[in-house]
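In the two assemblies presented below, chain A is common to both, partnered first by chain B and then by chain C.
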Partner chain A sequence: MKKKYRLIEPYIWILPSCVLMALFIALPIGMVFRMAFSQVTRAGIVKGFTGFDNFIAATGKPAFKIVLWNTVVWTVVVVVVSTVVGFILALLLNNEFRGRKIARAIVVFPWATTLVIQASVWNFIINTDYGTLNTLLKKLGIISTNINWTPTPGAYFAWECFVGIFVTIPFVTFCVLSGLQGIDESFYEAATADGANYWQKLFHITIPLVRPQLTVSTVLNIIYVFNSFPIIWTMSKGDPANRTDTLVTYLYKLAFYNGKQGQAAAISVIGFLILLVCASVYMVFTLRGQKER
Partner chain B sequence: MKNTGKKALTGKKLVLRILLYIAVIAFCVVILYPYFIMFTSALKSRAEIYSINGTLLPIKWRWSNLIDIWRKAPMLNYFLNSIIIALGSTAIAMVCGIPAAYALTRMKFKGQNVFLGIVIVSQMFAPVVLVIGIYKIMMTFHLVNSLLGLILVNAAFNQAFTVWLLRGTFDAISPEMEKAARIDGCGRVQSMFKVLLPIAAPGIVTTLIFVFINAWNEYTIALTLISDDVVKPLTVGINIFNGYNMVEWQYLFAASLFSIIPVIILFIGIEKNLASGLAAGGVKG
Partner chain C sequence: MNMRKLTAGLVLGSAVAGMVAGSAYAESSDKISISVIAAQYGQQTANWWKGFEKDFEKDNPNIDLNVDVVSWNDIYTAVNTRIANNQAPDILNIDVFADYQADGLLLPAKDYVSEETYSKMYESFLDQSVVDGTVWAIPDLASARAMYYNADILKEVGVEAPKTWDDLKNVCKAIKDHYNGEVYPWGIDLTTDEGQAAFAYYTWNNGGGFVDDDNNWALNSDKNVEAVEFEIGLIKDGYTNTDPANETRYDLQDMFGAGKIAMMIGPNSIPAYLKEGGYSINYEVAPIPTNTDTSVSAGVMDRFMCFDNGYSDEKLKAISTFFDYFYDDQRYSDWVQMEGFLPATKTGGEIIAKADESMAAWVDIVGSSKFYPTAKAEWADVKQGVIDVEQNALLGEDVKGLLDSLQSEIAG
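And now, the complex of A and B:
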């Protein structure tokens, strides 16, 4: 009896966690798949199986191409730029200087602030008529008349990318910093003795040694940025005419504004599959890391 | 690479030091700029906000804005809802996450890696991709427009981080003390509460605060599930000032200040532990 209990005991310990994830993650995943392959009425009632009809309808629209391209640009630009800038910031903060603690605390700010508020503030800052960016530049004497910062949808999208980068940098910085602080000083001393210059040390010691942290932050950021909804939703709602939409804002509009839940579910499934590929890559990386341990 | 800064600086080193300060200050100024704008604009009058000849600082500091928002909108409601959601999500995430992390680090069982794999993969799916499914499920459970619904979704989507961070924490603690306690007649549960959890307290606090902040800042699911003003959290509620015709920026920002300041303070407290925890968890797998 006791032996039997010991066998099932671990499963009792993980049960609450499993139930929670099953009900609120696995079940919605199943529901999204079911709706993607079914006819769904405007009121959201799921009717019969329709095969790939929803996928064909959703991906056949001209808007879909724009949205897909925007999603790629959004994800790549935000992740690449914030990784590079975040890395540089981490190198700076890894030096010992007066006020370092304060600087670190300041870098936390964008990470801790909810995205909807960040996006609102930037929307206010770049406003043409009363935005404070124009006010600031005028006071500094750089411009004399107000500049329209968002003349085209592309310009708006670029600002959204900027805000995305702004809020993503701290995560990269702190991940890299945690790696930098684990590097043994003797590596650098030895390299200096061998006559290595700053750049040689950076590329041959620093970057290889923080590679694990960089990998984690990059892969997680790809997922977060791909899924990021509040920035674009708050700043432009994807308008005009889907020119600033990404997959998540597009599917949100389809589902909750246009009453096309079946098509929205189809796009969810596409997004889900893209993320699954990312997840698999991530798994391969982490499992490799485990073997090396 | 590290300068101690104690030695007398000369020539090239001095130049580097100055450049370092300039770079750090430049970063900090850019990062603080939107917060500066939020703060100063929160204290302007509407006329000043919309003025074409704007000023950087308010001409007249209207501290009354900070009080007005509590009368112009059900801010107290939003605030309390945010607290309830954040606390509830944290509690459920921990109650489910601690035993799971314990089992992963202190027991051996079939399917251990499968469970860990599911936890890692679940992290990949932000609620927004599944938002239609979540909405449907919540309709079935009658949890639309309910705080409990939001709490459960938040707790579920934070399960990955919770298990992840706690596993890292528990892993770093030797099981010897617990074994000793169990030889002395403690049960598993007792040894966990009496020995492991007190030692793991710093890691647990980090995890707890992180989940709290995530739930506090959550926007998308709240936007979708909540339409009733009585149960709106701050992130959704403050958009009451974001009217269709006119945005009351000064109130929006005043309300935002109340929403972000507590969280920033909490976050600064855990920043160091959190980053190393996340990165280490990922490196270890």
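And now, the complex of A and C:
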């Protein structure tokens, strides 16, 4: 009896988390898939299987191509730039200097503020008519009339990417910093004794040893940034004419402005699959690299 | 406290809570309960409904009224979720109705509105909720749009308020030249929130519009093409705010209040908005500039509707009582005035026109307004479609081509 209990005991322990995961992760994903393959009325009633109709309708629109391309640009630019800058910042913060603790605290600020607030503040800064950036430049005598910082949709999107990078850097910095602090000083001492220069130490000691942290931060960032809604929604709502939409803001508009919940679910499924593939490929490559080492 | 005691305490506590909840349920179960979801129009809406609920239950002790006030941002999601879970409210106060009607979820208005209350409503308002010859919803309030202008700016420049499109262009040019770009002559909002209103202002005042005389979609008519080209032309000529695709009506209202915009089209609630915002500019109201003989105002109307939840006669009577109570003349005019709206009933209109002279003109305007064709099932697509057309036109695409493809997408 006791032996049998021992056998099932581990499963009892993990049962609560399995139930929670099924309830809050698997079930909603299943429901989104069901909606994506069903006809859904504007009032939200699911009315039977329609095959790939929603997918064909959603991807057939001219806006979809723009939005997909925007999503790729948004994800790649924000993740790559914030990883590079965050990494450099972590190297700086890992040095001993006066006020290091304060500097670290300042880096956390953008991370600790809600994205909606961040985006609203930046919107306020770059506003043509009452923005603080124009006011500042005017006071300093650099400009005499207000500059329109967002004259084209491309300019708007670039600002959104900038804000995305700004709020993502702290996360990368702290992931890398935790890795840097775990590196034994003796590696560097040995390398210095062998005559290695700064760059050799960086590429042959530091980067390989923080690779696990970099992998975690990059994979999580790809997922977060790809699915990020508040920055773009607060700053431009994807306007004008979908030029600043990403898949997530686009599907929100489809579902809650256009009443096309089936098509929105289809786009959600497409996004889910893209992320699944990207994240798995990245994980497989980096983990394989680690094993070979 | 050790763990066992704590657990016992929790179990006991929840059991007691359950008993209390149970008895509350038992008490209310012999009353008829009505659930209402109401849109939050402003700061005072929730409080107003709370007071209404209290008064109503006092006067009708056999009815248990539950009103949920939900913000406009969440109300569609909230209602759809409840419908999907088979928990549709009994009564809903919202702007649209055609989608619910198309799914067969609503009762005809005549089934739950008494003759007396029904006869108070403006005919033209009831007409907005007709599908297949049946009225499916009743109006709860309305608002209308007109042109607001900064009288000081126009006086300084030495021009009169524009009446026609030609006037408008001339006045805009005069203001632009005089202030050298420091003041935007004209405010335009082409955002995802309200771009359809801009489309209505220009097309209706050029003899076009969303539908033709037979109520069929006529989005790509020559009049509409001309109207949208005129609208986009104002922006291209530098007569407007710099970012019409991202600046909402509220941004415009703030700029108007700050004297940064000279003229704009807006709802009758702007005076209240400016007062609340602490702005003190000298402004006047005038009809929207037109390219035809008469200026057309845009009316917006919200509604009450009743979901078909399989009611007993008793419950249907209770719902009817609710509407009689709500549309009681004095109570109704309080409701309308609370957030600065316009009445949808003749009797309410009379009371408000008498109480406030400045509102009398608005009551006339709303009576002659045109409305969005919200009773047509494709309206949601048309609304987003015309906003897309305007925004793409702003990016330099051909207006005729855009409207042609929208028309073929909607009307097939």
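The rule is simple: the second predicted complex is superposed on the first by the 278 of 293 C-alpha atoms of A that agree within 3 Å, B and C clash if a C-alpha of one lies under 4 Å from a C-alpha of the other, contacts with A are read in each partner's own complex, and residues count from 1 in each chain.
As a working rule, a residue touches a chain if its C-beta (ideal position, glycine included) is under 8 Å from a C-beta of that chain, and two chains touch if they have at least 3 such contacts.
Nothing here was measured: the structure is a model prediction, and the numbers come from that model.
Chemist: Between chain B (first) and chain C (second), which does A:G44 come into contact with in this model arrangement: first, second, both, or neither?
Modeler: both
Chemist: Where does A:Q118 make contact in the superposed view: on chain B (first), on chain C (second), on both, or on neither?
Modeler: The first partner, chain B, only.
Chemist: According to the stated criteria, A:K253 is in contact with first (chain B), second (chain C), both, or neither; which is it?
Modeler: second
Chemist: After the superposition on A, what does A:L20 contact: first (chain B), second (chain C), both or neither?
Modeler: first
Chemist: Touching A:A193 in the superposition: chain B (first), chain C (second), both, neither?
Modeler: Neither chain B nor chain C is touched by A:A193.
Chemist: Of the two partners chain B and chain C, which one touches more residues belonging to chain A?
Modeler: Tallying touched residues of chain A, the top partner is B.
Chemist: Have a look at where A:I106 lands relative to chain B and chain C in the superposition and call it first, second, both or neither.
Modeler: first
Chemist: For A:L273 in the superposed arrangement: first (chain B), second (chain C), both or neither?
Modeler: After superposition on chain A, A:L273 lies in contact with neither partner.
Chemist: Please work out whether A:M31 is in contact with chain B alone, chain C alone, both, or neither, and reply first, second, both or neither.
Modeler: After superposing on A, A:M31 lies in contact with chain B but is clear of chain C.
Chemist: Quick one: is A:R243 in contact with chain B, with chain C, with both, or with neither? Answer first, second, both or neither.
Modeler: So A:R243 only meets chain C here.
Chemist: Which chain A residues lie in the overlap of the chain B contact set and the chain C contact set?
Modeler: 44, 129-130, 256, 261
Chemist: Which of the residues in chain B end up touching chain A in this complex?
Modeler: Interface residues on chain B, with respect to chain A: 1-5, 17, 20-21, 23-24, 27-28, 31-35, 37-38, 41, 49-52, 54-56, 92, 95-97, 99-100, 102-104, 107-109, 112, 115, 117-126, 128-137, 139, 152-153, 155-157, 159, 163, 188, 213, 216-220, 224, 235, 238-239, 242, 249, 252-253, 256, 259-260, 263-264, 266-268, 271, 274-276, 278-280, 282-285.
Chemist: Flag every residue of chain C that touches chain A in the complex, lowest number first.
Modeler: 76-77, 79-81, 83-84, 99-100, 102-103, 105, 181, 190-193, 241-243, 245-246, 255, 258, 260, 380-381, 384, 388, 391-392, 394-395
Chemist: Could you list, by residue number, the parts of chain A that touch chain B in their complex?
Modeler: For chain A paired with chain B, touching residues are 9-11, 13-14, 16-21, 23-25, 27-32, 35, 44, 89, 92-99, 103-118, 120-122, 124-125, 129-130, 132, 134-136, 139, 146, 166, 174-175, 177-179, 181, 185, 188, 198, 201, 206, 212-213, 215-217, 220, 223-224, 227, 229-230, 233, 248, 251-252, 255-256, 261, 264-265, 268, 271-272, 275-276, 278-279, 282-283, 286-287, 289-290, 293.
Chemist: Okay, in this complex, where on chain A does chain C touch?
Modeler: Spelled out, the residues of chain A in touch with chain C are 41-46, 128-130, 145, 148, 150-151, 153, 156, 236-243, 253, 256-259, 261.
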